[in-house]
């Protein structure tokens, strides 16, 4: 490790709750070297964000206090420095970028002005000089047209550009240390790679030290120098990334690594038991030249321009019974729309969708009746997918009652069976979603899907919101159910690694169209389309020696997302 | 000298005298326009106005008026032509609200510029006093015709003591002394402002604070308090207002005279006078109010006796009488009376259901006969009792003021009194009418009340006659 | 500037709203029992006199025909004639509109002058004594009946202290403003309680929110955090609330106008309803409706100007 | 029952605002229910000998110009005013909830029609409506309720509609749809309970608005029928005595303010409890 810049010793943070104090950060010590990138990993709630906020004493609530320990920067203890000093440290010495740029940027202020504001205050320069410096920073963080984009408002930019702006705002104060709290979680893989690359470049060019918070070991593996693993507010281990990833000391770390979808073990777990699809069977789902268009709102009477926006443009796809198909593609590429259309939840503008032989367009009633009884959906956000006011039992009972799939008196028993199937204790029948963890909620969501005795399950990003270890469990659950119940699974994800180890076939979507389709191993081994290559190339691999981006692989697509997106609906 | 400011409830509606029947308008007309014949301060005598003198032919059909040398505020002389124009206009104009009262006029002509001759279609004792009504004020014919009626209604020209300088609608009417007024020399004020201040409290506070000189419509409840203020003078001027309880004679037991008499005895008028008027009113006993011509001071006053009333009701077979009482919403006094009456009648075993309705609607209900009892009031516009008598007892189109009272003897007497030209005989006829009405209980007389005005102590001669006219030409501001 | 394009086409959307309002008012006022002619004639009304007046104002026509004439007039920019005042309704309204307009405007300004500093003070001392006092006062203040408050203000400020006139409306601009202080204060006191509560809540949310955190993380002084970031973002929701309240105010100043004897539209309306002066009720309702629509329109423009995200 | 209430009680206890508000409301409710027992005199019985008495031991709030005991009238008035606040809000709430749910969930033409109606009502001068309805139906509470219901539902409809627009895109709504649940079931069983918190909180401030509107109507003389004791009417009637007999207006006035305070506190507390920001 290089010369130590920041040194944290025995840091403890206590929450003064109603039921007595709770220690959220427990005796944490670590150092940050000059020009080093330190990765902070751990499951949700492990205290990663809190640790970093404690460094600059930006507690999220007055009930949280630093109980003991020190944070040494330039020989000063930041935990004891007076308020005015700490304010000077914030931004000037330690800059922060946050996970959600949308809420952390001022929506009412021009991007450039937000950067210039920091420059004016911290460097004490006048407006004109600040503007010049801001333009410079905009260019540095990858805005292709700084002069024009200076005047843009946050909402006019894509997520990736907003994150760049956020980094720009942090850089405006010219800090020595940058804390990046999950800066890429909300972004597509390709954009994620660009942002990570930007951070690494900045480290090079400015000699920044970076603390990178993430729950994705892959990111850490490819960007960080050292890794610290946190769990329940405690530091489990810290060390050089090769040591930690290669020779993890703590069982939890080992589990974390083993859960990563790109791990060889997990890929091996995939049994390419391609029971050669019974050739005589007709496809369960047939999609033929499907178009879905949405009316564009917010257009005025007088303005020209398209009245409609095509979310899905001419997609054709067949899914055989028992098959597992992965659909991948960046955000907005039309994956969810496709799924909703095939379940009859979104009106079809053109083309045909048939489920088990029934055409949703021509024989709507029949197809819908079939769909409602034989197809089910599992959603991304486990909390949002469950009615917060119903207990899991009530929710399942309602489905069973409405579907009339089991006699009334059998309902309680069936609920028990469903909970067993998804690996939840039976007592969960009496719990409400808010008292359950994300993984548990997701299981309940799957139980609900199973309650209809489905032939087809459409899982829309159903693991994206979960921690890696939980992710792995859910994926295993799917694999297990699929085999036991002979389910057909349509698995939508933007995380290609998961698709790679769960699906037999993969469909790549881009701008509403299918750009590539084929058996998973083939597509991953030899992607034909540049877009697919970029997607695959951008998957952070847990192997520390793989480069972050296949050299400039996705360049064609960088332009797509770098401009103002005001033209979009 | 000085400008007198007067606070009143509402702003006026128009200055075209024939098109309004509201007191707020009439009271200002008296100062801006002039009439041929005026009513004196006592409210019981006619005195010369624009007509210096007049003669009536023996058949009582031809009236000849001699006009004095007067000028309108624009300097034009007041001519007999103007007077004739004004009288025919109120009779014939489609917008006139008073046409019915002047149908008796056959012709009105100018014999010469200063002599007006009016011929009637039949004899009429009250005709002369109807000429004192502000609505039949003499208007400048030429100006009305040149400006057009509507424009005149906003910026009138008159021959009164004051002229309209500005009318800020909803706020105030600003009058200035009219130098052309025939008696201008005796007018002391430089001008008058009638200011509308709808809230009673605010209006009183405004005089108390000295921001205005006078305020009219002082609530009964405030008199005692204001009397204590040495800076203020309270003016309680005799009025012709009488409040009474209408009875719908066509509704069931109310058709029986005995029942109505019993109700009269069940009402404690004294208590009403005490509670509602704070003792300022006076118990009423005749439909012709105190202070009006031919008022009969010795009319019967039935004693308050709820027990006897109860017995009489039982005897008449109306032991458990139920009455529907229509109350005017928004009128503080009306609502108070309603509450009191309800309780008083209950003592005589009568159940009263109060039904509060918007005042404009209560009219319709009364006309439709959709009520049993209801409190109303009447203030005379003209000195002669005929107008009110006709409405109340004359069996005319208004069903005797909505009571549906029916007594042919009374009806005939009213008609006879109208054409009786001998004052002594005529007075006796009205005394008889008052007795008959009381006996029949056409309605229940409740109380008479005075006009209640307040002024700053430095204001002198701020007087109102029983017909409501303010004698501002005599008022002084020291 | 295509965000502002709605300024061009929105007025078209007002038309159906105003049409609906005119129709409803028309039917509503004619459903009221009572007859303008009878009100006009007062106690001396006779059937013949009533019929004459009704014919003169076209009240004897079938109602749909009356409405047709009304629309026809409206298309020519006229609103008929007042039965009570005998002049054109529009002219009548023109003589009465200023005090109401001035009252509403000054009340709104005054309430902002009261609410913004107090809400800021409370939000910045969130949980502190200042916050408690402001919260208590604003919560308690909501329940005062305006006419009572008005009388108390008159008794205290005008009668006891002799600082302001009891009532009325002045002649010169300065005089008018002087007369408007108490009435505006009456309204502003109740309006500001609503604004304070909304603004304070928004500010506290913003002060705790990501935006403020991000600004603090950049080492921004608390004053910049508050004035440059928290304040504008908290104002956005309050603008809408204010617009709704102004809408209410426009038609609801009658009590204050009455207590302070302001010759405004509220009083005109009440008297018109009581005397069944149909055309005036109709006209005033239309003017009020237009004003409400206009206020919301302005609020939309202001919102768009402040908040670049909003598209109308 | 008690077990089910325990967590609710715990949640309330931790919020002094809510607790204070609920206690205030409970006191008013108690007074209203027990009015015949608590009130020392008949609220409408007049006594000519006792007119305009200042507060004393036998008449703690004094007497009015009819010699009626103001304390008793205030107590009986609680019944009427609680009723005004509650009924004046319940109907708008119900109508607004149904309309908002339908408009928000169904969207399309239904939404457009309701939104236009709402636009019209929002721009419709409340005073014209209120006075016309009172004029049509006669003064009194039922006219007041009808007028309030005709106008008041708009706020609720807008609140619920906005929530519905968000909630109907929630995954659990999509899930319900994909499971073949009927529209009404999704709207009223799944979405509405999650959308209603904001309206519940708003209904508390609405109670205050209704009380004040009632008082304003009384000022214009169109309030409840006499001799019923109602605070707004008492204040309005007592106005003429404001400088001589302050107690006639003060006590009913304070009652309005205090009841309004109770509703506001409860609303604030509920907002906090349900996580609603107005």
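Residue numbering begins at 1 within each chain, and the chains themselves are lettered A, B, C and D in the order written.
Here, a contact is a pair of C-beta atoms (placed from the backbone, for glycine too) under 8 Å apart; a residue touches a chain by one contact, two chains touch by 3 or more.
None of the values given here were measured: they were computed from a predicted structure.
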Centroid comparison with subunit A (C-alpha atoms), farthest chain: B
Inter-centroid spacing, subunit D versus subunit B (mean Cα positions, whole Å): 45
Length of the line joining the C-alpha centres of subunit A and subunit D, rounded to whole Å: 46
Whole-Å gap between the CA centroids of subunit C and subunit D: 22
Centroid spacing, where centroids are CA-atom means, of subunit A and subunit B in whole angstrom: 86
Residue numbers of subunit B (touch at least two other chains): 201, 205, 330, 358, 360-361
Of all residues in subunit D, the ones touching two or more other chains: 135, 220, 239, 242-243
Junction residues of subunit C - those touching two or more other chains: 32-34, 151, 155, 258
Chains that touch, pairwise: A-C, A-D, B-C, B-D, C-D
Complex contacts: residues of subunit C adjacent to subunit D: 16-18, 20-21, 24-25, 28-29, 31-34, 139-140, 142-148, 151, 155, 197-198, 201-202, 205, 244, 247-248, 250-252, 254-255, 258, 266, 269-270, 273, 281, 284-285, 288-289, 292-293, 296
Contact set on subunit A toward subunit C in their complex: 56, 58, 60, 87-92, 95-96, 98, 100, 103-109, 117-118, 121-122, 153, 155-156, 166, 169-170, 172-173, 298, 300-303
Subunit D residues within the subunit A interface of the complex: 14, 170-172, 174-182, 185, 190, 193-194
Partner subunit D, residues of subunit A touching it in the complex: 18, 340, 343, 345, 368-369, 371-373, 375-377, 379-381, 384-390, 398-399, 402-403, 445, 448, 452
Sites on subunit C touched by subunit A in the complex: 2, 5-6, 8-9, 12, 209-211, 213-221, 224, 228-229, 232-233, 236, 306-309, 311
